Structures are given as C-alpha cells and as structure tokens.
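Some structures are shown below for you to check.
Both complexes shown next keep chain A, but they swap its partner, so chain B is in the first and chain C is in the second.
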Partner chain A sequence: MTSRASWIPYALIAPAVLFLAAFFIVPLVQTIWLSFSSEEGVGLANYARMAGDLNFSLAIRNTFLLTAIVVPLQVALALLMAVMLTKIERGRDLVLWVLTIPLGISDLAAGLAWLAILQNTGYLNSALYGLGLIPGPTGWLTQETPVALFIGIVLAELWRATAIVLVIVVAGIQLIPKEFAEAAEIFGARPWTRFRKITLPLLKPSLQSALILRTVLAFEVFAVVYALGGTNFPVLAGEAYTWQNINQNYGVAAAYAVLIMAISLAATALYLSILRVRPEQQP
Partner chain B sequence: MTATGITTPRPAPTSGIAVPSARRFLLWTGIVVLLIWVLLPIYFVALGAFGGRLGVFRWPKSIWPTDVSVAPMMQFLGIEGVFSALINSLIAAGLTVLFSVLLGAPAGYALARYAFRGQTAFRLMVLLTRAFPLAILALPLTVSFIRFGLYDTPFGVSLIHTVLALPFAVLVTQSLFMGIPREYEEAAWVFGCTRLQAFMKVVLPLALPGLAATAIFAFVISWNEVFAASILTVRERTLTAYLLKVLSESPLHYRFAGGFILIIPSVLFIFAVRRYLFAVWGIASK
Partner chain C sequence: MQSATLRAVAVAAVVFGSLTAAKAQDTIFYSTQLRPIEEATKVREVLLKGVPGKVTYVVDEPPAFAVRLKAETQAGKRTISLVGALHGELQPHVPDDLQPIEDVAAKVSNLGIPANLMQLGKLGTDKQQYIPWMQATYIMVANKQALQYLPAGADINALTYEQLQQWAKAIADRTGQRRLGWPAGPTGLMARFFQGYFYPSFTGGVVTPFKSADAEAGWNMMKQLWTVSSPNSTSYNFMQEPLLGGEIWIAWDHVARVKEALEAQPDQFVTFPAPAGPKGRGYMPVIAGLAIPKDAPNHDGAVAVIQHLTKPETQIKTAQEVGFFPVVKAELPADLSPGVKLLSSAVSATQNAKDAVVSLLPVGLGAKGGEFNKVYMDTFQRIVQRNEPVKAVLEDQAKVLDTLMKQTGAPCWAPDKPSQGACIVD
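What follows is the complex of A and B.
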C-alpha cells in the first residue's frame, strides 16, 4: 500500500496544509494575541473585563450545566437506540434513516422547531390545556421561568445532537464480532450482562470519540439557546458573539474564544486519559 | 470501502432464538416512540411555517393541519433579504463543497497510498482541529477579511466553513482510497497509462460515490453553520445569519418558515447519503 517516498505525496498534501495554516493556525494565534492586547497594551485587561461582566459567571454556570446534563443523556439515549436497532430485522434501514435525520439539522433550526412546541400558544401548552393542567397560554421561555427554559434547551439539544452519537455508536457496534456475544450467551450470560461486559467495553473507542466531539460542540452551543430564549439564558459562545457583533469589542470576544478553546482542550485531554484505549482492547 | 460500507442489517445476536412476542411488542412500542420523538418537532415547525399568522396564535392548537397553504411561505420568501440570503447560503455551501473536496481528496489520496516523512504530523494536525471550537476562529478573521475584501462575502464565509469540512474530507477520502486496491492502478500503469491517467480512468470512477457523499456532508456542514456566518457577514448574510439577526424582531410564523427551509435540505441529504453515513462516521471518529 505504500510506495517509495518522493515529492508526490508532499505536492498532494501541500494545498490542504497551506489552507489549514492560513485559516486554522493563523486565526488561532491571532485569537490568543488579540485576547491579550487592548488599548492599555499587552496584558490581562480583556480577561479582567470579561470576568467583571455581569453575564460572565452566569454564562459559565449555564454552559457547564448544559454540557454536564445534555452529553450523558445523549450517550445514554444513543446507546438505547443502538441496542434497539440490533434487535430489529425488518425495516431497520428506514428506522435508522429517521433516527439520523437530526444529524443534518442545524442548532438554529432545532431551536426554531422546539419553539413551535414550547411557545406561549404552542403545542405543549395546547396539550396541557387539553388535560386541564393550565388555564390558558403560558410562557415557559422567559426569565421568570429559568428551569423550564433550561429544560426546553436540553430537550432541543437532545433531539438534535443525539443522532451524531448514535451514528458513531452504531458504527462501533458493527465492528464488534458477534461471536463474542454468542459465546457469552452459550455460557448463560443474560442480555444486560452481555451489554455491560461485552458491548460497552468494546465500544470504548467509539464512546471516546463521541464524547470528545459532543463535549467540544456543547461548549460552543449558541444558536439553539438564542432561538428558544433570546438573551434570557447567557452561554459562553453567545457572550463572544455579543461582544464581537453588538459591543464591537474584539478583545473581550477573543478572551471568550480563548476560554472556550481552553475548556474544550481540557475536556478532550480528560476524556483521552480517562477512557484510554489499550491496543488489545480494540475490537 | 466495501468492507466498511455497512448498512445491511447485521443479524442481531439474539436473532437465532425467536424474540418472545411480549418483548417484541415492547421493542416496537419503544421504536415507535423514538420515531415520533424525532419526527414530531419537524411536523410542528412545518405546520407553523405553512399556517401563517393566524395559525401561530390559534388556541388551543389541534395537532392536525388546519388552513395550511403555501401563501405564508411565499410571503416569507418575498421579504427583502430572505431570497438573497438563501442564494448566499447556497453559494457559500457550494464553494465549501468545492474547496473541501479539491483540497481534501488529494491529501486523503496521499495518506492512503504513500508512506512519507511528516505523515504522522499531518494526520495529527487534521485530528487536532477536532479538539477546537473551529467556528469561533472566525472572530479574529473579521479584521483581516475586511483588509482583503473578503468580509461580508459568501466566498469569505466558505473559507472558514472549509476549515470545518476539510479534516472530515481528508479522513473520509483516505479510507475511500484505501478501499480501492492499489493493483488496479498498477495494472493501468502496466498498460501504459500515466499516473494521472490511471487515477482518472480507474480510481476516480470507483471513488465517485464516496466523493459525492463527502461533498454532501461538506454542504450540510456549511448550510447549517451559524456562528462564523453571523460574524463574517453584515449585508450579504447567509440564511442562518439572516435568521439569527432577525430572530428577536420577526413574527413567529416567519421564524418557523425559516426553520423549515433550513431543515428540508438536511432531511433529503441524509437520505441520499444514508448508505455512507456509517462508513463515513465510523472512520471520521477514529
């Protein structure tokens, strides 16, 4: 599969390398530089201003809370879906297609879809009214109902982004030799034991990549929150957007960007060390 | 690719024994619940999109369509800025497809066919992009984009979207080319083809469906991206940037119409690439 080293492979990767250097490495360095420079010179002024902002601690708390609740729920739901899928014989392709539809849906569109359900005169309230639980249109997405708004955002995120975890998990399950489960069955292992002792450990590499991907994206969460709650629920990426586009303060926006990147990298490193995959554990 | 292009149902471990009917009933109930969970919000936003102003404020709502028509959707598309935003989104997504395939496929081919110094470093760089919230890198680009005249153009937006799609394209095309036996190419060389001819006549036709899937994924990535597109445009907004901007001031039925338009291509595209979904993500998540 390999041939002698020559100039050809370098010529082939050069365009991609140059492109990534120009639009990934350079902006990365620029962001870090921008975050440390302000009118007062090089220093931590932008960070001080970021930390002193009223929304800062709220945004930190909200983003972490959302990630901590949404990501594990997504993994659990995706595992449940994947296990159910292995049990169907007919119609599996159709079910799989429907379950993966949200993969192609943007967070903005997901927020708007759930807005149709959760708005004052929406379908949730209509159902609750029909059951006699509320007297009339009720607001759930306001500043006065932070818990309801939070649940709404969790539902929309769960709805939209479970599909990506599902695809990674299903792809991982397909790599597990089915002889393992058959052998365990012969020795009398019950389904739950088989899942815990065979499927789950062999899925570790898949779960690791799903967790990294989802966590990094969860710290970037933004449009779904805006679509549902406007500015009622500050999150980190939303604050970066506000400082950049509305306050026109690129330095503080860059400070937020660096903070989000630092958190993402820390999360990735954490997953890599906790879920370390030894070569012999690979399916 | 053939080995990993898996959507054919693999018999479940338990399929040897008949699943008892009570359990089968439970299983299908669960599946139906999941299908409804996925489809219902799309159905409701569609009702909102075609129901117009009256539909939004109807109380209490029926889950069945009442007075839906295409008029509200046409009205939405007639609003100043909506149609041009739609066009901008299509241009940005089209350019993203072009760039990520043109830059990604050669790199993927190099990784699949050659062993060279720096290979690991390159792979690492591609994988490293995944640990970064890439869209946020659009923030510092505002200034340099203004200087180079790229700010507020679909072309500028497509550049940052290509950063999002390129790592994906490299990894997917790598596995794609690894699945095409090297011997086919070598046979073509023996028959007097140049390297380029062999690639164009032998490898490319075999790789085409996989490349199409890669292109579709790049399209969806760009079409859906909100943050970078909103940062880098003011007047020439993409559809997502436009919707985000007018979110707080536009009436609900227009928001639903916008949401519905955003969802439609995704649904069709996921259907088109469903065969490749697992091959693509199975590899891309390595």
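What follows is the complex of A and C.
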C-alpha cells in the first residue's frame, strides 16, 4: 500500500511538470540566452542598449508607480467588497457573479471599453458636454495630460483586475470559522476590532496569494496601457513589445523580458518573507 | 462487426489519402498585405479566381510573418509556397529564407514592370528575390469643412509646409480644436513621413544630411506644426478613424489607411499631395512584392499565382477592389469607385508634381529596418515631444544612425547621392 502510494503523486503530477518544462522552462532558458547574445557576441550589450534607451527610465518609473498605486487600492477594494458580501443574505451569488464579470473579459477588450469612455468623442466627454461642463471634445489620454492619462489607466486597471483579488479573498473569508467572530462579539469587540484582530490575520494566506498574483501581473501590465495610452505611457512590457515587434531587435526585447521576470521574482520573495504564515496561525 | 471495422478503416484511409493528396497540390499564399477580412475575401474570391490549382490565402501581422518564415527555415519544414509582403518586410529574409527567382523574372519580363522596381526586387543582391506585386504611397486627406480656412493664395495641390502650418493654425484658432493629425501611434507609419517626406523636402536627402543646418530648420518647422496638431496624434495608427469621426480635418497617411474613410464618405473629403519644403516635395512609393521561400512545397503553384497576379487584368482589378495600384503597364478604367478615384487622383498629382523628390525604399538594412525607423522616431520624440535642443539631439542621433549604417554597410539610396561603401552621415 505504502509503496504504491509513494509513486502515485509523482505520476499524477508528471504531465503538468512535463508540460511546464516543455512550454515554460525551455522558452525561459532560450529567452535568457537570447538576452545575453548579440552581434558582438555573448555579453551585456542588450542590457546596455536597454538601459541606455530614452524610454527605459520612464518605463521603470511608470510601471512601479502604477503597481504601487493599483495593487493596494485593489486589495482594499476587494476586502471591502468581500466583507460586504458576507453580510448579504439573499442574492449573494448574483452579486458575486456581477462583481466578477470583468474577470471574463480580455485585457485588451477591457482597455478598448475604457477607451470608448475616455477618448475625445467618448461617453465621458459626451456626458460632460451634456452637463455644460466642457465647451467641446477634450483630450484626456494625451501626452499633454499625463495626470488624466494616469488616472484613466488606474481606473481601467481597478475595474479589470480587482475581481481576481476579490475571488481569492472571498474564498479565504469563507474558511474563517464563524465562532471566532461570535466569541469576540460576546466579549464586546466592535466590528472594526473584529476585522483587524480576527479577519485580517486569518486572511493572511489568501492575501499573500492575491498580492503575489496581482503584483506579478501588475509588473506585466500591457494591453490596457497600450489601448489607452499608446506610446504616451511607456511601461516595461510595452517596451519589450516595441523592441520585439516594431524595432525587431529580439535581443533587447528578451533583456526586457528577463528584467520583468527578475522584478516579479523579487516581489514574490518579498511577499513570501513579509507575509509568512506559521502553520498554527492558519484557520 | 469485424468487416464493419475494416470498412471504416478503408474509408478513413481513402479520405485521409485524398486529403494529403489535396494538400500536396495546395499552394499556401502567406501575406502581410490585404489583411482586413473584406480585403482578404476580395483576394480569395476575386483576385485569385482563375488560378489553376487550389490556393489558400493566409494573412498575418508583419511581426508574426517574420517569425514564422524564420521558424520554418530553422525547423527545416516549409509549408508556405508563396509570400506577399512589403519590400522592407521581405528584406530581412535574404538570403536565409527566400529562393532567388530569376526564372520567374524572365517570365514576367514582357509585362512592362519598370526597371527600377525590378531592381528593388533584388534587395541589394545580384538575383531577383521578389517580383513587384502592387504599389501604393502616402497622401494627404482633408475634410471639406477645413477648406474654408485654407490660407489665401494657397493651392491645395502645391502646398508648402508653411501653408500647412498656417492652415492648421487657422483651424485651431477659429474652431478651438487642433485638427491636423499624424499617424504617430505605436503601429502608425510616422517614421515613413520623416524618411520619405520630411527629410527629402527639407534637406534633399535621408541619411547624409541627417544633422545638417537644413535638417535643423526642418525640425524647427516640425515643432511649429506640432503646436497646431492634435495631441491625440501619438495614439493614431490609421488616420481613417479620426477622419471619419470628425476629430481630424487634415491628415497624412498611407493610402490603404485612409481608404475606408474615402470609400465611406467620398463627398466629405478631398485628397492632395504632401507639402513641399525648400528642397522640393518629397514622396515615397510603397512596393509590395511576391517571393518564393526556400524549399517551397509547391514551387510551380507559386509561379502560377505570381503570373496570374501580375497580369494587367488582375492588376486593374486589384486597384478597383483594394486600392493598390498596378506595377505593370495597365490603364486604369474610368469607372473606379469614388473612394479609389480620390486615392488615385492624389497619387498621380504626387507623382506628376513638378517639384517631386522621389525617396526610394532603403535597401541593404537587413534586419535593422526597425532600428532605422527608431532613429527617426526617437529624434521626433526628443525634439518635438520632449522639447530637447534640436542641435544636440541631432548630433546624438546622428551617431546612432552612423553606427547602424556602418554595421549594415548599406550604400546610400535616392534621394541621397550614391556612396562608395556604407552611407554615412555628413
């Protein structure tokens, strides 16, 4: 029995491992190799080219700024929505379903939907014009209006990707036994105290997963920015795309890809160490 | 039971056998041109009609095209028999992926394809790499509402950059909206404006006078133009959309990228040549070519398609159906659709302009075509968008351009004077 049980898990996981090895590890190694090889031989030429480009520092700044603002907002919003969901008695599934609709929409489609709202002849301008607040079509997404463009991208990203955090947090909240909250209530704990002392600590594993997932995805942000800002708001993944497809220099594109991966890995390691959960703390 | 199984196997074998046989005769025609579904349907149902054998027309974005051709070469398994793409898109595939086609060149030699176009098809080698397929260029389009603001005494068919600036300024002043637009978005063709229109018009060259005093004066003009241009220009990839939406009243773009607007509302727009600068009226033809990849599974089928598409009748139909113009000797009929008529009138006004300065397509840049474009776009971004000092930026970017030209060894092309060895910046 034990001898049979010892190989079964490996056999079951083998297809997934093989799949990942073939379609993830191999291209990953190839990309890393590509990023270090150029016409001048093997070396750091592609990385030097990347760092010397006129959009590089801007892309770094924009990507980090966007991540630093979008991810905390998404977690806060998701927590709020998840707690509200626990209070709903009837129609909870329906509300959850509506809140998660953006999950089913592709990044680019979401970007285009927001473009339809924010562009010159979009719904926002039509509404503002109808209210007599603007004299005619006003540009919000241009290089001359960087703040409005940034806010537009933040809004689109919030709308598009808060749901994934919400789903994880809702699942985590359901795992927390109701007895804790009831006991705390008996001892006179107010809702805010209950949230801070019970819900939040017990949600740590879920929050960790959600944060890792969202942060990694935020560093890869591309389609929404591309749809709304075009070249007006350079981000790292967008620069990788430009070097690959427009400038057709695959080496520098690979260097960008490796840089994004390194940043994502660093962020993941950071979260794992900060939000470590000891087994006895799990619900 | 057993006989039923056997019968099923036999049927399957027959079906499978005939499928593979059909596949062997199938000519896969892979193209970066005529991609939108309406145009691809026209190719399949009209332009390829009458070709012997079955032709499968497959389209792809240029970056995917480049990757697939290279990947098939590396894998040693070719599925494509014929490719159709722009001059610049075919260039990186010489000599690894394309089969020289001297024999096909001989077969089409009596069609009257101009010698300079055939020469372009050699892509800097001594053998024919592609057969010219169809041509296009860039034109200006204006909404008729803009005409009332045209500066006094300006002839729309012989505009100068100063007049264009005054025109756009008058529109901005009177309507409160900047309505001159450029395709400076991520996949827009703005780099071609600088290479084929702006530089030839202001400096009479493209590479050699990159940082000359003439170029400096040109960039200062460009900065002024930008102050009266729509700030949304950096998001536009195809000018037909903002033209149709009324957001833009004057635009410069590739004919294929304004065609939809002209077809949809021919009464609303006028077309005319790009403006002239101190050195003339720069313009750049666009050539799409047909080439056969190495180890093509159906070489004969590919040759048959090339012969069919270069027939004068097919070339005229191509102009009528998709708005690309003939490369062979062929007279366009008078009953063109109003949209195509607008395109063709601007194209001929451009070609026949007395002060026209033709800018040829770069030859010999190999896979560096994208980085060549980047030099011009980076210069634009720094001077016009970031307001950096013109002279310093030109000095800086000239170094990048010079390195690029020396790496590729590409000789000068018109309107730069021919060079011995690589084309360098003066």
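One rule holds in what follows: the second predicted complex is superposed on the first by the 267 of 283 C-alpha atoms of A that agree within 3 Å, B and C clash if a C-alpha of one lies under 4 Å from a C-alpha of the other, contacts with A are read in each partner's own complex, and residues count from 1 in each chain.
Methods note: a residue touches a chain if its C-beta (ideal position, glycine included) is under 8 Å from a C-beta of that chain, and two chains touch if they have at least 3 such contacts.
All figures in this text were calculated on a predicted structure; none of them were measured in a lab.
J.: Could you check whether chain B and chain C clash or fit when both are placed on chain A?
T.: Clash: chain B and chain C overlap once superposed on chain A.
J.: Once the structures are superposed on A, label A:Glu89 by its partner contacts, choosing first (chain B), second (chain C), both or neither.
T.: After superposing on A, A:Glu89 lies in contact with chain B but is clear of chain C.
J.: After superposition on the shared chain, which partner residues are touched by A:Ala255: those of chain B (first), chain C (second), both, or neither?
T.: After superposition on chain A, A:Ala255 lies in contact with neither partner.
J.: See if chain A has more residues touched by chain B or by chain C, and give me that chain.
T.: B
J.: Going by the contact rule set out at the top, does A:Ala181 touch chain B (first), chain C (second), both, or neither?
T.: Only chain B; A:Ala181 stays clear of chain C.
J.: Contacts for A:Val98 in the overlay, against chain B (first) and chain C (second): which applies, first, second, both or neither?
T.: Only chain B is touched by A:Val98; chain C is not.
J.: Touch test for A:Phe23: chain B only (first), chain C only (second), both, or neither?
T.: After superposition on chain A, A:Phe23 lies in contact with chain B alone.
J.: Considering only touches as defined above, state whether A:Thr121 meets chain B (first), chain C (second), both or neither.
T.: both
J.: Scan A:Tyr226 for contacts with chain B and chain C and give back first, second, both or neither.
T.: both
J.: Using the touch definition from the top, say if A:Ile8 reaches chain B (first), chain C (second), both or neither.
T.: first
J.: Which partner does A:Leu141 reach: the first (chain B), the second (chain C), both, or neither?
T.: second
J.: Applying the stated clash rule to the superposed structures, which of 1-9, 91-99, 145-153 or 235-243 from chain C runs into chain B?
T.: The superposed arrangement places chain C into chain B at 235-243.
J.: Overlap of the chain B and chain C footprints on chain A, residue-wise?
T.: In chain A, residues 119, 121, 136-137, 226, 230, 244-245 are touched by chain B and also by chain C.
J.: Enumerate the contact residues on chain A facing chain B in the complex.
T.: It is residues 1-3, 5-6, 8-10, 12-13, 15-17, 19-20, 23-24, 27-28, 30-31, 33-34, 81, 84, 86-89, 92-93, 95-117, 119, 121-123, 125-126, 129-130, 136-137, 159, 164, 167-168, 170-172, 174-175, 178, 181-182, 185, 191, 194, 205-206, 209-210, 212-213, 216-217, 219-220, 222-223, 226-227, 230, 237, 240-241, 244-245, 250, 253-254, 257, 260-261, 264-265, 268 of chain A that touch chain B.
J.: Could you pull out which chain B residues touch chain A in their complex?
T.: The contact residues of chain B facing chain A are 6-7, 9-16, 19, 27, 30-31, 34-35, 37-42, 44-45, 47-48, 56-63, 99, 102-104, 106-107, 109-119, 122, 125-126, 129-144, 159-160, 162-163, 166, 170, 178, 182, 195, 220, 223-227, 230-231, 240, 243-244, 247-248, 252, 255-256, 258-259, 262-263, 265-267, 269-271, 274, 277-279, 281-282, 285-286.
J.: Could you pull out which chain C residues touch chain A in their complex?
T.: Residues 62-63, 66, 92, 176-177, 184-187, 230-232, 234-235, 245-247, 367, 369-371, 373-374, 378, 381-382, 385, 407 of chain C touch chain A in their complex.
J.: With touch defined as at the start, can you tell me which chain A residues reach chain C in the complex?
T.: Per the touch definition, chain A meets chain C at residues 39, 54, 119-121, 135-137, 139, 141-145, 226, 229-232, 242, 244-249.
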